[in-house]
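Here it is: the structure, laid out below.
So that you can tell them apart, the chains are marked A, B and C in the order they are listed, and the count of residues begins at 1 in each.
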Amino acid sequence: MKRYLTFLADCVRLSFVGDWRYHAWMTLLTVVALIGLFAWCQQLVSGLVTTGLTDQVSWGLYIANFTYLVGLAAAAAMLVIPVYVYRNMHLHDVVIFGELLAVAVIIMCLLFVTVDLGRPDRFHHLFLRFNFPISMLTWDVIALNGYLLLNLHICGYLLYCAYCGRTPARIFYVPFVFVAIVWAVSIHTVTAFLYVGLGGRPFWNSAIIAPRFLASAFAAGPAFIILTLQIVRRYTRHQVSDDALLVLRRIVQVAMIINIFLLGCEVFTEFYTDSAHLASARYLYFGAGDRAALVPWIWSAIGLNLLATLLLVLPTSRGLPWLNLACVLAIVGIWIEKGMGLIVPAFVPTPLGEVVEYHPTLREVLVCLGIWAFGLLLYTIFVRISVPVLAGQLTYEKRFGRPHAKQDLPPSRTSTGVNP
Amino acid sequence: MTANHPSHPDSAVASAASRGRFVPLVLLIAAAALWAGPWEFTNPAAPSAPTPAWAIDPTPVRRPKLRPEIDLAGFTYHCSDCHRHFASPPETVRSLTQHRHIELRHGINTRCFNCHHLTNRDALVDDWGREIPFDQPQLVCAKCHGPVYRDWLNGSHGRTNGYWDASAGRRDRRKCIECHDPHVPPFPPMPPAPGPNTLRMGDQSPVDHHGGTPNPLRPPGRGAHAEPHLTPPPPPPAGPPNMEDRQ
Amino acid sequence: MSTDHRRDGPTPPAGREMTRRGFFRKGVAAAAGVSAVAAALSPLRHLAPGDIPSVEEFLRKHYKEMTPEEKNAVLARIAAAVEKRFGVRPSLLDPPPLDGVEFVYALNISRCIGCRKCVHACVAENNQSRSPEIQYIRVLKMEKGSIDVETSDHHYAPPVVPDQDSYYMPVQCHQCAKPPCVKVCPVEATWQEPDGVTVIDYDWCIGCRYCEAACPYWARRFNFAEPEIPAGELNPVMGLLSNRPRAKGVMEKCTYCLHRTRRGLMPACVEVCPTGSRKFGNVLDPDSEVSYILQHKRVFVLKQDVGTLPRFFYYFDERGSRYHEPIAPVRSEEPT
């Protein structure tokens, strides 16, 4: 027990240590997170009227970000599958960063849901009257929290074993890893079913929503990880091979192609049929009269996604600059498509045919930025801790054991101690 | 190990701290800005407009006396007070010399004595010339308006106020002339109560929905936004649209 | 400085004392951090006392689990709060559903003239917020020949109604027999009562607005801000599950005025309708008006394909809306 508390204390201590760039980054994130907290406190005082939400468009930026981030969290499993199922050793040493990302991102998801609630002080009602299994929101609560606990256990166990200098016992993490693979797919499917099960919103009431969710998540998630791994490689001692990045590139490539195909399926079904159920899609792509706030967004998203897919298909994206560009395009394009392009149009027009447009307010945007900053803060701390611990730099022996521990470690490839 | 050794704790701590010296400053500036800045939130909801009293008034649009009386110059007279002295020519469609404010626009019903008793003006008349009392106007209307009368009896036409549960209280079925002026029966148009003005609803000017394939139900040139072809309605009442019957 | 410091932090020594300078620096940093967090939390100082739940509010049970004593305590607490806020002593009851009653609503679209008096009577009866404006009933001006709500106009404001080329369809909560809103609520804050009315426990709702997304008829409303009701317009006859004043952050909707209808009265919208287009009653009573309508009139429901089985029926009879055209030409010549 004392060892565990020391581990936690060392993690906390280590997260405050770094060079000036680290401090600047963390301070920036802290300030943005605090501004977001301030905006949310104003929301607590005045109500959700501080946002741009209305009875007509009752879900907006918060739920859009939530949806996108659940996809990112699910995609952490995309690193696990090649290593544990297909024994692809290129990603062997970076799996843990995917899972740490999943932890940070799931916390962001839970925060986004919390700030969207009208009465967060009544959170405990979820434990007293839980409408499971009928309400899909209850499934989502179980799925997200379960996924968080799974990943916390896996990462925590591996890090703690490395801290103690022990080889982790397979029985304590490998079964959980396999459960996490299935669970990752399920969290995003359950989130999709939140929307799909509503007969009153024909824009959502389609079977293709769940597959599109997964395809876009498995494109955006690994793209995000490609970028963060390069940052890890540049700023820490941890080695990340280019082969790992190329395996991830392949995943993003295939997922983007599937995403574009599914987009084509959706567009055909809506516009060829030309029925009255088309109203939301028509508003999204072409606007309703002069109310066309979403039109530039969706066409930008489609352009970004197509360009990203093209770049990924071409061999030029084997080179890192082009790969990074493609990843950024994919991340932004999918964010727009899932947020503006999925959540908001289902509310326009309303089930009674009224067209009220949604414009997020400054406070709403600040809360979102605050949560993103907090999530990045958490992820930076996780990486900051895990790299030295897994490299054997920070162990219990070094703290309390032999006083003159080895200072010079071989600069060669370090092992995370994980053996699939 | 000297203090200049890179792994010496003191130099490490000191160097780490010196690189982060700006951090407390930045946090304090942020704290001051958040605490003291002009970040008050103003509610964008439109201030509440008072509900016009007539919009929630459940009084029927007409309040007929249901009695054969007329108010003239401050006095109330029975119809028979005059009409027992004057006989009316029975079968002429001609304009009235008295009661000139009454205009009969009742479709093909252009004969006063279809409803009014020929000799006893304190009563209305049925198909066989028998009297119908003035407080039972629905029996007169029923002579011609059979289906509507049937619906009125069964409750699907006309106003029902009070209690839906007859065992709890009185179910108040309104009579025909509490909505319909017997001489100009079409229900009069009225100004609508204010429309919705919900939070952040934006511009709600009408959008033209008539693009695309022409709809056979809506021939060109005559759409929902054409001018309504009303015969001249009475001017919109400034106050409640409840017009007392002037018999 | 060693470049290694960019990659790892230094391993803190065991048992070494911090220097005074280091301690001071860390103290300043900690103080700055705490003050920044406090500043971020500073808007909470404007929280109204009613916003912070009291212990008994926090520990309150779900409506369905409350004993009669607990319910009476809740009623007393809410009545006292209303009196304190509005200066009006309310009569706050919780009328139980009547046996053998299933409420059904019928609306005659041949007769509705679109005057919107029902909208405003409902607002007055149910203590709805005036700013931001909440109205349970929305009157749709529909184009002739179309049942498609997307061609409707909600914001018509002509000098007089009705418009000859339109018909009017007011929409409010249909108290569906298979309510999608009840299905999706994660905390069971909304449920259907035995008399068919779907109610909301305003003290249980967490404000997630999933029900608002699920409703096919756009019948549910959310309090985005603290509702504003002029004290002079407050209706003091209140029901716990219907028209007692709500707080921000919770949902609300039409309840068929259950504080009235469970005592046998008509809902406010039926009372005020000038043309008698609105019909209300107990469909289990074969002699009721609504039973007659369902049996004998041409009745339809909105969005039947969604399968929610609404208890709100639109019907029409033989007369259209061209009120001012004579049924047949006026004969101007005298009979022979």
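One rule holds for everything that comes next: contacts are C-beta pairs under 8 Å (C-beta built on N, C-alpha and C of every residue); 3 or more make two chains touch, one makes a residue touch a chain.
This is a predicted model, so every value here is computed, not measured.
If the chains shown are joined wherever they touch, the resulting network links each chain directly to all the rest.
If you compare B-C with A-B, the chain pair joined by more contacting C-beta pairs is B-C. Remark: the per-chain Cα centre closest to the mean position of all protein Cα atoms belongs to C. With centres defined as mean CA coordinates, chain C is found 34 Å away from chain A. Remark: chain B and chain C have CA centroids separated by 21 Å (rounded to whole angstrom).
Our note on geometry: chain A versus chain B, Cα centroid distance of 52 Å, whole angstroms. Residues of chain A in contact with two or more other chains: 17-19, 30-31, 34-35, 38, 42, 45-46, 49, 54-56, 354. Among the residues of chain C, those touching two or more other chains are numbered 5, 9-12, 33, 36, 39-40, 42-43, 132, 134, 138, 150-151, 154, 224-225.
Annotation for chain B: residues touching 2 or more other chains are 7, 16, 20, 23, 27, 30, 34, 39, 43, 45, 198-199, 204.
On the chain A side of its complex with chain C, the touching residues are 10, 13-14, 17-19, 30-31, 34-35, 37-38, 41-42, 44-49, 51, 53-56, 58-59, 113, 116-126, 128-131, 134-138, 141, 194, 197-201, 235-237, 276, 279, 346-347, 349-354, 384, 387-388, 391, 393-394, 398-400, 403, 405.
Residues of chain C touching chain B in their complex: 1-2, 4-5, 9-13, 16, 18-19, 21-22, 25-26, 28-29, 31-33, 35-36, 38-40, 42-43, 98, 106, 108, 111, 113-117, 119-121, 123-124, 130-135, 138, 141, 143-146, 150-151, 153-166, 224-225, 228, 230, 233, 261, 263-266, 270-276, 279-282, 288-289, 292-293, 296-297, 315, 317-318, 323-331, 334. Per the touch definition, chain B reaches chain A in the complex via residues 7, 16, 19-20, 22-23, 26-27, 30, 34, 39, 41, 43-45, 198-204, 207-208. Residues of chain A that touch chain B in their complex: 17-20, 23-24, 26-27, 30-31, 34-35, 38, 42, 45-46, 49-50, 52, 54-56, 288-291, 354-357, 359, 363, 407. Here chain C touches chain A in the complex through residues 5-12, 14, 33, 36-37, 39-44, 46-48, 51-53, 58, 61-62, 132, 134, 138, 140, 148-152, 154, 171, 180, 183-189, 204-210, 212-218, 220-226, 248-250, 303, 306-308, going by the rule given at the top.
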